[in-house]
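In the two assemblies presented below, subunit A is common to both, partnered first by subunit B and then by subunit C.
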Partner chain A sequence: MRHRILLVGLAAILLTGVGAVFGLQQGVSPNADTAQASGTPAPAAQAPADQLAGAIARAQEHLRAVPGDYVAWAALGSAYIERARVTADPTYYPKAEGALRRSLSLRPTGNPAALVGLGALANARHEFATARDLARRALRIDPYSADAYGVLADAQTQLGNPPAATDAIQHMLDLRPGLAAYARASYDLEQEGRLGDAAALMRRALGDAVDPADIAFCRYQLGELAWRSGRLDDAEAEYTAGQAADPGYLPLLAGQARVAAARGQTAAALAGYAELTARYPSPGYLMEYANLLRATGQPTRADEQLALAAAALRLFQANGGTDDLGVAQLALAQGHSRQAVVAARGEWSRRHFADVADTLGWALHQSGANAEAFSYAQQAAALGARNCGYLFHLGMIELSLGRNVDARRDLSAALALNPHFSPLDAPVATAALNRLGSR
Partner chain B sequence: MPIRRTRSRSTALAALGLVLAAGLAVLGPSGASASSHREAPLIAADPAVDNTDVYAFVSPDRPGYVTFVANFIPFEEPNGGPNFYPFATDAVYNINIDNNGDAKPDATFRWTFHNIDRRGGNTFLYNNGPVTSINDPNLLFRQTYTLQSSFNGEPFRTRVAGAPVAPSRVGPASMPGYARLRNQAITTLPGGWKIFAGQADDPFFLDLRVFDLLYGAHLNEVGQDTLAGYNVNTIAIQVPFKDVALNGNATRNPVIGIWSTAERPRVRITGRTATSATDWVQVSRLGNPLVNEVVVPANLKDAFNALPPVKDASIAPLVARVKDPEVPKLIQGIYGIKPPATPRNDLVEIFLTGITTKAGGPIKADLNSQLNNADVNPSAFRPSEMLRLNLSVKPTAKPNRLGVLAGDLQGFPNGRRLTDDVVDIELQALEGAAQTGKLVGALAAGDGVNANDHPFGTSFPYVALPNVGAVNKGGGTGGNVAQSSAIVPAQPGSTPPAEQSVNAAPAAHSSRDTGNMVITATLGAVAFALAALLITEWLMRRRRPAAVAMATGQSPLPPSAASGPDEPTVQL
Partner chain C sequence: MRRLVSLGLVALGAIGIALALPARPALAQPAHPAHPLGNFTVNQAVGLDLYPDRVAVTAIVDLAELPTLQERSAVDANGDGKVSAAESAAYNTRVCGAMAGAVALRMNGHRVQWSVRPAGFEYRPGSAGLHTSRISCAFDAAADLTRPAIVDLVNGYRADRIGWREITAAGHGVHIVNPSVPARSVSDSLRSYPTDLLGSPLDQRSARLQVELGDGPSAGATIHLSRGDPVSRWVAEADRTLERLVGGRLTPLVGALAVLLALALGAAHAALPGHGKTVMAAYIAGRRGRPRDALTVGAIVTLTHTGGVLVLGLLLTASASLAGEVVLSWLGVASGVLVAAVGVAMLLGVHHRRASVYDHHHGHPHDHDHDHSHSRPSREARRLSLVGMGIAGGLVPSPSALIVLLGAVGLGRTAFGVLLVAAYGVGMAATLTAAGLVLVRVRDRWTSRPCRTVARLTALAPTGTAALVLCVGLGLAGRAALGVVH
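Our next item is the complex of A and B:
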């Protein structure tokens, strides 16, 4: 059974995480470890992956010769974090932490690069408040650090402080305009619903992208912006261009699967999700896969994916991680709405991010608490403008409150933005609108 | 050397233990992923605006003209095929001149690049056949530039538009006779100006084979890249003295200060203001070599790169660090050489004021401070970090790589020639050689690399032609061009004679004439190790971010790199 293999793979990734702290091991090849662990080779990623792996190897080599170079330790740690992001391989995180803490132990004060790296690591682990504090500490030492503002921006975004995030991004743009700043500025505008401006800035970022994975990142985001506007051809063209740059950049597979599903190419979409989740069994992708399986009449297989998602989340939590947003979304997918409310409330107590408001609102709706659900759904729509999922949830909650005019407006808006926004929810929205229309 | 190796190895093992302990103690939620949130690149490579070196020198072949060279995009791999290295089109590249000492530009030369991309989305290829002239239609992607100038704060004036950029040299089959392309990319303007932009051999000479020797078998076991053989993108300009001297008079006012900057347009997301094309953000800045690495402390590097020179004197920690630098202490900590007494006002002269008797510094010479210009208003003088050049010092027929420290007043820190061994000079200067007038014997061998691996040209733009062939083969331009082009059918791999004639031009340097530098092997080894240590750190930091910086060097090094006959002999 592949599922068992996958579970074993998840455990193996965890175990390699322990082994991965041997960051200085000669000829260490963490990428190969992971490929074996998940039972799936990832040959397509080799060219760009090798490049960054080579860079890391050379930094390790340098540190063997000059182990007191705290700047190089911090740079190595930050490179590991980038590598983790690009490869979706979390075993780089303990390596990153080891290198960054080594830097900090060598130079406990006046070492902004180590604090920035640790902040980026905290963001990657969803410890957003910690990340925010580390970024602020770094900025006290080096008020000109664009990287520190980047960490601060990411943290403030996720903590649900849009003005603070925008302010940090503007500082970043003022200090070091370039890909990292443009990408964050693009996301900021996207959340304000300014999708055209967001795309323009992401194109600017693409113009500065050099590394294949960075090109793939920009292409993926451009594809997502097109997707969010329902422009399937444009989205697909961006995903394809991204794959030409870096075939190993996994989010592109998700984008392509979504487009295939929207076009009714169900087999291709399912195959895409199968490959994606085999290579990177993240709860988010597994839940998306489950959605499509359910929408295409395969509830048993959908439940299997959700079981895998639950296992992945348990592993994360077993290691001290906190992701109540993921827990709530999974509970919703499994029909456990009260559990979802508890988890989403927990996440909301920590951060007022749009996704959290949306999930809490939908969980409350599913539990029948529509009045309270309405206020959260409204907050989500206000925090993250022009998001199909938020509009759908808001519209359905309005419908159950008898606010039919509002419901018709918001459901229509969701479908107008992207009629294919979800294989499960879009048909529900269409049906609801039809009912509204006939009344 | 064996002692050094052992020490290195045991420290590395100790470090490994510490990392292991740290990792286990704080393992945290590492092994599995959470539900996704948007994660954007944070330390993305941005080589196009990464300024590696600035040079300024009196043109040896053209009396009365000064040449400025600024290099960008470090570690360009001359692999050919799809690898080519355009200048950024969303940035401007500036060479700035301060001739009255107020730390503000009195002349700025600005390059703005444009793409001409005829690939049409159907191909990634750079060219679809041999490129034999700068306008060859086979060159599918090319760049041109606009050169503008601004004097005394007046608006920029366009001097030329559509000037051709010398293309990335992608191989002998694709570009037979590259020297011809290079020559066609030199543009001459009214007023005697010559300008150039394009790829070149990285003139900074530090051969990383130094480290192969230093760390010996240890490094060879895992492979190591070398710096030699990499290319950079060069911008260069040659103008008459009068165009950059204060009041147009280089006789009365021979000293100028030089620094380069790269700038991108400011983008605003607060409010709804559109991007203003005239509002620029400085993203890199360079004057004196290595100053960012050996003088500016870690927490000031970002500030230093963001600020204009006019602000330098107001950054108290920066000035404090010039007066009390870290490197001599490191040297003492490792090798027991006593640092010179602080405050180091000699270094203030070298880095911040120019060498002059008019600023109260300890160096008893008037060489290259704007304060020595007859028409300068001393009260408006502001100490700032920039390269300073006295145009009245005539070029010497036989330059000494150690420049001023060896009595050759035409060399660094009086401007910077391509042949100046700035690594050795700055090590000596940091150890006080400029104020004592004596070289520190233990450091005399410096980094053991005294010249570039390619001779420089004898006329504008002076930089050597770009390398072809794998970096790790030693980067011989004329020799090991064993690469095959993916674009046109392979042709015999020999380099055309025209190119060799350029590269075989008489060396404008004397790399091995330092007979007085003979010292004992032991001392040499110490200095060698020290220099390598410092330079390794510098290389690690030369490009932001350091680790990702190295991503451009892909190929593993064969255990023993081939050595060409022209390469400097490193003696240990």
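Our next item is the complex of A and C:
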């Protein structure tokens, strides 16, 4: 009898397992197991858009039947964030917040998955301090959550705290080596100026990637690394490969437009930016587009794009968001340097990120405060290594301070790194170097 | 999935500029809330009206704040900063012309030519002092729908833009057979978008409709729930009660009540048709089973069902990519195949016994595993068949047990959920065992009376039962397989 019972139990588990395997959708990542092991829900890992849609539909169906399942609510919220990212459609952010808050209200304590989801959402909304605190709270409950370390690493990076970011990434690498950890580690290495190592790590991440969206992401990052060292052909090859994997990944369009502009294929570059900004009118892309329009002698159309960027920023603020870095960059592009200084100072008081230092320094330079500008430009260069834009700004500020030797060194370095780094600024740098050389 | 989320954030950091400016729920209530679907959506509604002699489309485009601003220079053609009535009409005509070119309607494969009429364009107040746009168009084409036709509608207008896309279809004097799209707009023609947390924005880009003459109830995709027989209704009601009990405040009394209800539900579940229970009872009777066999099958059913629900529940909570219905369908297939296999084994056994009775001296190839009675299969085979039957009976988890378990897990009452699931299993086993015992009794009553017809029938019974078991098994597997394919 005992044998019989044992047999029955084994057979039942086996058969149920077989059924479950059939029920699983194809393309489940090997990492799903580790995600489960770390005590977090493993929603359809790395699904391309339609699979993700399926996972969302199933989670919705499940929650209609079992509205009390806080784990499923947290997973659905994270799936919505992911959906927003894949489709660049922010409609899903309020839904994500609703789902994550529901999860948290169903289980206010001991619910790290919901906290991690809310942290990821805060990062997406540029509320980096909130994201950091949420990640820390999640880690107090579950110290082995690689996802929480991921949120923490992103927040610390943006808050200008590189050692803390590196530490979080190291934890993530130890807990769950994989695409997410490699990609972050690659970014970290890039910040230290180790572009070769960063590319090698990103290639490892690419080797790990299965889904089209993941492959496109890795290809884009590899393209950016090539672009930042001025290797146009390599950059273009990566962007093209990325687009072959997932034509819907929009940053690739920006990359291709930049390469086309650098090659002097202005018409193609402008068409690329027009398509990109029509599909995704973010202030960043609109400002890049305006730069290129201005560089090609179309100031009216450039101003139109800047007006659009201003509207986009206004909408963001009307909805309760804060992005003073964007405001400062827009004010600079429009030539309002004093406004830019005020906005950039506000952002700097919240976070000491390299981009903020760079923008503040440049705004100060534009409004004539070169001595103060110099200290911020130096900080930017120290915080974020080997960035053409930072080096150009530093060099120009040094030039106006009469530090010609330093200026020549930094401007040359910017052009040596990537002679095409900006359609507007690169010619300025070349002209300045020529003047320095002739003196 | 999380990895991607985080990757996206790395991307944001790496780009270093404000790449994503998501809409967020208003903290301070602005004068006009942001567009509910995000500031840069292009939303479309295509309403199809079918008449016996023509087809008509009412198309609405709702542009959120940023697309409206992007189109501003197209609207204000002379660039004077004002939109005149003429400019507005010209823009409306242009948009409708472009949309008519992209909204393709094919009647039996032939594309109709629209006559286009612009039907309105207005700005509406949006967030941050900006505007949203609402553009209306009417398309019309002659068509002969007095004969049955297949109508294909594809909306390819601004296909790469993010936004809500809906299609509705209504028949007037014609009837749409099983419409795949609703007759009425769920968003009130893009005026109020549903805000349900569990609903995704619509993205309906095409529809295929089968149209025939006649004023049928073409009221769109409405679902008719059959109320079912009184037993099903009672079971459904009890299901809901149990789910409420699991979710509510847990006192000892409520707990005990829930367990009792689970027992009753399990018993009722087994009594409802569709799980091959009858065949199991017939098997016990046909195999000259003893009361003990009925008890064994009952115990195995309980164990299998409880184990199955627990394992499936575990898998479902661990992974959202697992489709519960698909798993259930596959388990149904497995259960049917198992029953069929037992049927085959029984048939072989019957044949085998016949062969051994009549052809023993011919040296039949099956000689080697004859047991001595020649009228019963080996104990081992019997036992295996019983176990197989029991597993088949308990393999397909009762969906309501599964829901009760998941609900309990979701509320942090895992142990209570497991207890209830076990009670379900016991209830199911009780019904099955009782049915088996009754049949054994009835059979004994019959065979104890010496009667020629009955004796002949009893002689035929093993083959009949075996065939029945096989057929039912195949039937169950086939039906479940349909669910998988579907």
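Quick note on the criterion: the second predicted complex is superposed on the first by the 391 of 439 C-alpha atoms of A that agree within 3 Å, B and C clash if a C-alpha of one lies under 4 Å from a C-alpha of the other, contacts with A are read in each partner's own complex, and residues count from 1 in each chain.
Assume a contact is a pair of C-beta atoms (placed from the backbone, for glycine too) under 8 Å apart; a residue touches a chain by one contact, two chains touch by 3 or more.
The model shown is predicted, which means the values in this text are computed figures rather than measured ones.
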Identify the partner contact of A:L308: answer first if only subunit B is touched, second if only subunit C is, both if each is, neither if none is. second
Is A:A278 in contact with subunit B, with subunit C, with both, or with neither (first, second, both, neither)? second
State whether A:N111 touches subunit B only (first), subunit C only (second), both chains, or neither. first
Once the shared chain is lined up, is A:L173 touching subunit B (first), subunit C (second), both, or neither of them? first
Applying the touch criterion given at the start, work out whether A:Y144 contacts subunit B, subunit C, both or neither, answering first, second, both or neither. first
After superposition on the shared chain, which partner residues are touched by A:V210: those of subunit B (first), subunit C (second), both, or neither? first
Is A:L360 touching anything from subunit B or subunit C once the two structures are fitted on A? First, second, both or neither. neither
Mind working out whether A:Y220 is in touch with subunit B, subunit C, both or neither, as first, second, both or neither? second
Would you check which partner chain A:I81 touches, where first means subunit B only, second means subunit C only, and both and neither mean what they say? both
Common interface residues of subunit A - those touching subunit B in one complex and subunit C in the other: 13, 15-18, 20, 22-25, 51-52, 55-59, 62-66, 69, 71-72, 75-76, 78-79, 81-82, 85, 88, 90-91, 93-95, 97-99, 102, 107, 120, 123-126, 147, 150-151, 154, 157-158, 178-180, 183-184, 187, 211, 213-214, 217, 280, 282-285, 312-313, 315-317, 319-321, 323, 325-326, 329, 355
What part of subunit A is in contact with subunit B in the complex they form? 10, 13-18, 20-27, 50-52, 54-59, 61-67, 69, 71-72, 75-76, 78-79, 81-82, 85, 88, 90-91, 93-95, 97-99, 101-102, 105, 107, 110-113, 120, 123-126, 141-147, 150-151, 154, 157-158, 166-167, 169-170, 173-185, 187-189, 201, 204, 207-211, 213-214, 217, 280, 282-285, 312-313, 315-317, 319-323, 325-326, 329, 355
Interfacial residue positions of subunit B with respect to subunit A in the complex: 8-9, 11-12, 14-16, 18-20, 22-24, 26-49, 88-90, 211, 214-215, 218-219, 221-222, 224-225, 264-270, 281, 283, 297-300, 302-303, 305-306, 533, 536-537, 540-541, 545-551, 553-554, 556
Where on subunit C is subunit A touching in the complex? 1-28, 30, 34, 36-41, 65-67, 69-70, 73, 127-130, 160-162, 197-201, 247, 296, 299-300, 303-304, 307-308, 311-312, 315-324, 326-328, 330-331, 334, 383, 387, 390-391, 394-395, 403, 406-407, 409-412, 484
For the subunit A and subunit C complex, residues of the former touching the latter: 4-5, 7-9, 11-13, 15-20, 22-25, 28, 31-32, 35-36, 40-47, 51-53, 55-60, 62-66, 68-72, 75-76, 78-79, 81-82, 84-91, 93-95, 97-99, 102, 106-107, 116, 120, 123-126, 147, 150-151, 154, 157-158, 178-180, 183-184, 187, 190, 211, 213-214, 217, 220-221, 224, 251, 277-285, 287, 304, 307-308, 311-321, 323, 325-326, 329, 354-355
